[in-house]
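Which chain is which? They are A, B, C and D, in the order written, and residues in each are numbered from 1.
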Amino acid sequence: MNSSFFGEMLATITERGRALLDRARDRRGEPGARSESLVELCEELLSGRGEASGAALAGDILAQYAELTIGPRIAFFEALANRFGHDPERLTAAIARWQANPTDKTAAVVHTAAEPRRQELLRRLNLAPGGTAALVRMREQLIDALDHREDLAAVDADFVHLFSSWFNRGFLVLRRIDWSTPAMILEKIIRYEAVHRIRSWDDLRRRIDPSDRRCYAFFHPALVDEPLIFVEVALTREIPDAVAPILSVSRDALQPEKMTTAAFYSISNCQRGLAGVSFGSFLIKQVVQEICRENPRLQTFVTLSPAPDFARWLDRERKSEHSNALSEEDRAALAGLDRPGWWQLVSAREPLQEPLLRAAGWYFLRARNRRGLPADAVARFHLGNGARLERLNWLADATENGIEQSYGLMVNYLYDLDDIEKNHEAYAEGREVVASNAVKRLVRKAATDVVPAAG
Amino acid sequence: MNSSFFGEMLATITERGRALLDRARDRRGEPGARSESLVELCEELLSGRGEASGAALAGDILAQYAELTIGPRIAFFEALANRFGHDPERLTAAIARWQANPTDKTAAVVHTAAEPRRQELLRRLNLAPGGTAALVRMREQLIDALDHREDLAAVDADFVHLFSSWFNRGFLVLRRIDWSTPAMILEKIIRYEAVHRIRSWDDLRRRIDPSDRRCYAFFHPALVDEPLIFVEVALTREIPDAVAPILSVSRDALQPEKMTTAAFYSISNCQRGLAGVSFGSFLIKQVVQEICRENPRLQTFVTLSPAPDFARWLDRERKSEHSNALSEEDRAALAGLDRPGWWQLVSAREPLQEPLLRAAGWYFLRARNRRGLPADAVARFHLGNGARLERLNWLADATENGIEQSYGLMVNYLYDLDDIEKNHEAYAEGREVVASNAVKRLVRKAATDVVPAAG
Amino acid sequence: MNSSFFGEMLATITERGRALLDRARDRRGEPGARSESLVELCEELLSGRGEASGAALAGDILAQYAELTIGPRIAFFEALANRFGHDPERLTAAIARWQANPTDKTAAVVHTAAEPRRQELLRRLNLAPGGTAALVRMREQLIDALDHREDLAAVDADFVHLFSSWFNRGFLVLRRIDWSTPAMILEKIIRYEAVHRIRSWDDLRRRIDPSDRRCYAFFHPALVDEPLIFVEVALTREIPDAVAPILSVSRDALQPEKMTTAAFYSISNCQRGLAGVSFGSFLIKQVVQEICRENPRLQTFVTLSPAPDFARWLDRERKSEHSNALSEEDRAALAGLDRPGWWQLVSAREPLQEPLLRAAGWYFLRARNRRGLPADAVARFHLGNGARLERLNWLADATENGIEQSYGLMVNYLYDLDDIEKNHEAYAEGREVVASNAVKRLVRKAATDVVPAAG
Amino acid sequence: MNSSFFGEMLATITERGRALLDRARDRRGEPGARSESLVELCEELLSGRGEASGAALAGDILAQYAELTIGPRIAFFEALANRFGHDPERLTAAIARWQANPTDKTAAVVHTAAEPRRQELLRRLNLAPGGTAALVRMREQLIDALDHREDLAAVDADFVHLFSSWFNRGFLVLRRIDWSTPAMILEKIIRYEAVHRIRSWDDLRRRIDPSDRRCYAFFHPALVDEPLIFVEVALTREIPDAVAPILSVSRDALQPEKMTTAAFYSISNCQRGLAGVSFGSFLIKQVVQEICRENPRLQTFVTLSPAPDFARWLDRERKSEHSNALSEEDRAALAGLDRPGWWQLVSAREPLQEPLLRAAGWYFLRARNRRGLPADAVARFHLGNGARLERLNWLADATENGIEQSYGLMVNYLYDLDDIEKNHEAYAEGREVVASNAVKRLVRKAATDVVPAAG
């Protein structure tokens, strides 16, 4: 009687799946059939022989794959890399035809011939009931293998290519998550929260049930009851400068007429197997619109984001003799960070505030990675989405984790619908970090401070 | 309060769509902006400049496209064909790299370089809210244009390629259609029924409401409330040999314990823009399983199908002096078909039955099209799915349309789950028409008859 | 897979019902069992013997009742009247106890002893699966019988008493009816529309699908998929003065920003068996709130109502020699109403407009029935709800039916939320007809006109 | 986007409620209005003056009531008892009329006149949006007051009378509770579980998610998202003789083909305000049917029930010098129960098993309360439903609570669909405790044992 979250609509898919799989397994259980290796089955699937029973055959392959231990699994990935790549002979011939007569039609032949055969294989595996979910799991395991086996990267690229098509934004469905959401979804929210850990069902309830809290997730019809990504939002009176008040156990919900700001304080991807397929940008924009529509009074859309690599960067700069980022005085002052529990003592933490914010200003505005992009991954994400670096917040996350990754620093990125496009272009074309004057001043001040020190 | 069919789940998509579109239009309405042509907008969308606002820009393009009159529309298709094909320079360079070092990685570069740019364009247009539906409509118009402009075929092939990926079976959702289905879906069933016209809501009700009738449709999450394909099924006591009793206005529902057979008497595609993307095969198999699960007593799954080209073929053979298909006697006898209303008079129709069934046997078992496949399109579909040609039914459809297209002939194709794969392979590999002995005998008899005539 | 309208929630009830009924029937089918009469079964149900199987026994009784022909049915009603009334002995004893010691407790015993036994019987029958629906149907048949058998009135009063409790407003659920509503509900809307007949599904669609149309119905959880009452609403630019433009086949939907008025142009009760249980008042007020919430711009809530008894009243007055309602001139002028097709000719209808409106003013403001209430039943309903008689509309319904019942006259009753209570009290306590000045002037003018005529 | 459990359907009711309440409060906030006491408002509501605004006035009364502190609340209950009882003058007159002419019609007048006025008051309060829920809460508080104020019992009886009508079985909806149920429902299941406490969400999940567990609850449309009563069921291989294995943290779900038995191991009422309105009997029977339908293999339906008063009874018997229930030997042996932790030591518990089971046999088969019914309340419930006392289980609940209330004893009551009616009648008419032979033997044995001891 109870329908699962998308259930009424989608139950059919999985049921069907199970039915077909049963048939497939029965068939494969016949004597001799077991000896067909997975790779042979894949060739059979590609060959088109079993076209009428493609879905069943695909289901069979996925079921057998699911039972592989790690060794055979790597071997299977190797086979995908080596035996299901492109066909050089076919490609050579196609190139010759195109060179003789360079039309769109002959180019299409080149296109097809240059495609690794595993792409078509994955497409056919996707026909199996539950195929998409199985392929997402398969890629999770491939990612694990990738750490040690860079030769599998091409296989991974094909997964990303296909997933990007299957999980394109047009097929994503936004759903609000609240206290009336089925428990089977909520337990996944608890499990997948990656920024500020959800410690219990009570903690969860405090994040999704109060009238000044929102949570939204993207779902995809082929992954029943599995959120892809979700965001937690606090509706606040002003731009928040710390996370503890948001997560506080004992707070009253803000009255609607006092809300001015929607603060996105946590965004978590749920499916490791979909890494590299980007949903976050769409999610934020769609949630902004959803909240706007529901509460037209809200004017400010802002994140309260972590700076996960800041502490590591700062430690490096403090150790480096030639850091441009830190003046001698600031470097000296920041030695206070080495004192255990510095943030718990006013006398210990106060002298750190200004130097640390100056360093953070440099980190966000000037520090670059090898590809010339901002050093901070979270910054790259939001700036790439068209947000503005709005404010750096001192001791905004004084949890153990917050201190460890960023000495407590958190960041507000502001989404101003009118500027998103302009900001994005400035970033995309000129790698410009669009920032508020307050943030810019930190670095100008840092620069000014630095000059005499350097002089 | 009422949700549309998929509504609760999907409403968000379209609403969001409209909101974004409004913004896009406002922006484009600025002075000067209007002068940017559709093609320029497409280049902008591809360039990655407007990445942050990709969905809005895509929505803008689709909105402008929707207002084009036929001339500019064809011009737009021409631009897709000519300006958004592959990039020969890039492809030449990629080929050179591959030839120097033929790895999967360099092949991937060739693959990408050989891809027409319009594929990526269509993928990005699909990001617009309602993008998928708009692209399906765009292809409808492209198909119309194709009749006169074969140079657009490459553009069409790219649509089919992408649609096949987006509408892959894993994302299709089967729903039963019955008298509790929302009216907005039902009116589309009435409109799209292509085999036996639905004349009224009462006629519809007779097809979906009685306990011995079933109707199922495939839906896709990106096409809200739009069936893609549907099938009408009668649960019967035996394999039906005529359509009139099934559609009869005054009949009682068969008692469950007397049902033995599920007869698929009508399959209709709904979206012209998805022509060439095949759903029918999956639909039939999934419905078979659905019905099996619900009513395990049912053992026989069979169609009652039209033979839409039979009359035309027969007329040609009757006119041809060198027809192998007809003996002289049969040809003479079949002259009776020229007599108006022949089917209404016992004396006129009786002499026709045997010769016509012999001719039909030949048509289904021997007649081939240019590609060496069975002449009958419906037969190709079911045989390709693994069905068996089970029975030819004399005067099974005596409506004006039935007489006109097939002299009243209808065909049962049998889906025997145990033989589907074997049948499919026989057809796919050897072009063999798997048929019952009764049908085969018609031709053997015809052949025997023919020999002396030829001798 | 398809759920009925309330289905997911309520399917359980009916299924269970069927299961239980089957058991009941099996049991009753035993030899000998059939000889137990319905009345005996009712006594058994009341006796409490079959308490454990009360629901099954009740189901059994209702099933046997359903198969009665008209004669035995009347006999059963007679038994309800005669054998299941109150118990005089028990009541006499209870009265004695109360008179000896008149407390609430002894009064409660009197209360119970004075209750007809059939009330408890009906309550127990209601325990059967589907019991409520069966009792509603039973009362329909009782109402038919009542025409000839006034002795059954007490039985009917008990039905009304129980239905009023079971169908109390707290258990009614308001649902919007639109084009996404299941067909099984919509066909009932077509069937039950009692004011302006719905001629086809297209006609229905024009009333519920356009963006400036609304339809709402009350449902009750115990009557699955059965609307109890529904109202059709047009959102308009001003108070409508005729029904034809509202029902027009060829009209464009009004743009939202131009809507000022919600016009209730049709209210239909659906369940004859619930006659006397009043829903209309609640429905109108709840729909007003629903529409307000959705479209806060709407300021005016008004009906466009028929005057079903006006023509009959007017004809009587025209024949009466001593009518106070009509002046001699008006009576003479109104003779034009006897001319066939008078409304189609300008010259024929123009001289009628003023006299007829004057007569209508009198009819609504002065004419009273035997109980001293306004003569018009529709007026009594709306005035009792707190509405104001706002405007009388000349030739507002020129259909055959409209001419016949009211010479084309229709009425606007205005629901002004601020005045509803005040208006209601004026009507309830002083029988005052609250009317706009425009309507009042009609009668004052009539009176003035009358005086000289009388003088 | 998310609908609450019954939400889509019922949201309307509460929203509407709030809207109306706001209006009511505004109006009542006017100077002078506040001085109207609750009782005056109740008189106004009854008077029919505010009929047009009855729902708003009722809402107003309930809102004011909700803010009463305990003193005024009791005063309000007193007013209900004293001022809203029956009207003696009216009743005297009605009796006179009936005595003069004792018909059903005059009896109806007596019936109405004898009804306490508060019944009509409660009916009208129920018209308020959310009225039913508010009245259920009101009765909770009345029950608390009843402990000290027996004079309020008549008021309570009126609540029970009305609730029995409103919550009649025909309006109850059975829903399965599982892991896809909204969290807002599940947290109530955790809170309301009264037999075996649910310690955490993980504990809950173990009870409702595994494939061999079921949980069902009754809901009522007027109490949105509030379960009325629920039952927890384990599908097992045989009749369970202890609760620990059922609640075990580490167990595997039983395979479907091994299931033979549905064991009802916990039934909890949720709404204290509905005490005295019986749902349990219907719930068990409906769940039996639901489970039968889903899993036709299941043949045995049995409870695993506590014996909450057994320890207290046994202690009394052990102290009593003239106990018939215990032989001297057994009484001596049972002294072992006074040894702390007796159940944890084999040597301590073994000698207790037989005497304790004999005592339990006596308790269930012979011990009676003042009204001559079985002493055990749980036994009365299941026997009254038609179940059979099947088995007494030694040390079946060794939790602190289980030891305390029943020295670890638990009971299986068997629901055999074929015998339910017969069993019920035997119990209802003859107060017979239908029990298995095994249980009966315990007492026969006890009796036999007793004789020589007494001899």
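Basically, contacts are C-beta pairs under 8 Å (C-beta built on N, C-alpha and C of every residue); 3 or more make two chains touch, one makes a residue touch a chain.
Keep in mind that what you see is a predicted model, and the values were worked out from it rather than measured.
Peer 1: Could the interface between the copies chain C and chain D be described as same, meaning over half of its residue numbers are common to both, or is it different?
Peer 2: same
Peer 1: So chain A and chain B are the same sequence; what rotation in degrees superposes their CA atoms, nearest 5?
Peer 2: 180
Peer 1: Express in whole angstrom the distance between the two chain centres, defined as the mean CA positions of chain C and chain D.
Peer 2: Averaging C-alpha atoms per chain gives centres 38 Å apart.
Peer 1: Using mean C-alpha positions as chain centres, tell me how far chain B is from chain D in Å, no decimals.
Peer 2: Once rounded, the distance between the two centres reads 59 Å.
Peer 1: Please compute the C-alpha centroid of chain A, do the same for chain D, then give the distance between them in whole Å.
Peer 2: Here the centre of chain D sits 50 Å away from the centre of chain A.
Peer 1: For chain D, which residues are shared contacts with two or more other chains?
Peer 2: 1, 3, 12, 174-175
Peer 1: Quick check on the complex: what are the chain D residues that touch chain A?
Peer 2: Listed in rising order, the residues are 1-5, 7, 174-184, 186-187, 201, 205, 225.
Peer 1: Inside the complex, what are the residues of chain D that reach chain C?
Peer 2: Listed in rising order, the residues are 6, 9-10, 12-13, 15-16, 19-20, 23, 48-53, 55, 81, 85-86, 88, 91, 95, 98-99, 102, 104-105, 107-108, 110-111, 114-116, 123, 126-129, 131-132, 154, 157, 162, 165-166, 168-171, 173-175, 221-222, 281-282, 285-286, 289-290, 293, 384-386, 420-421, 423-425, 428-429.
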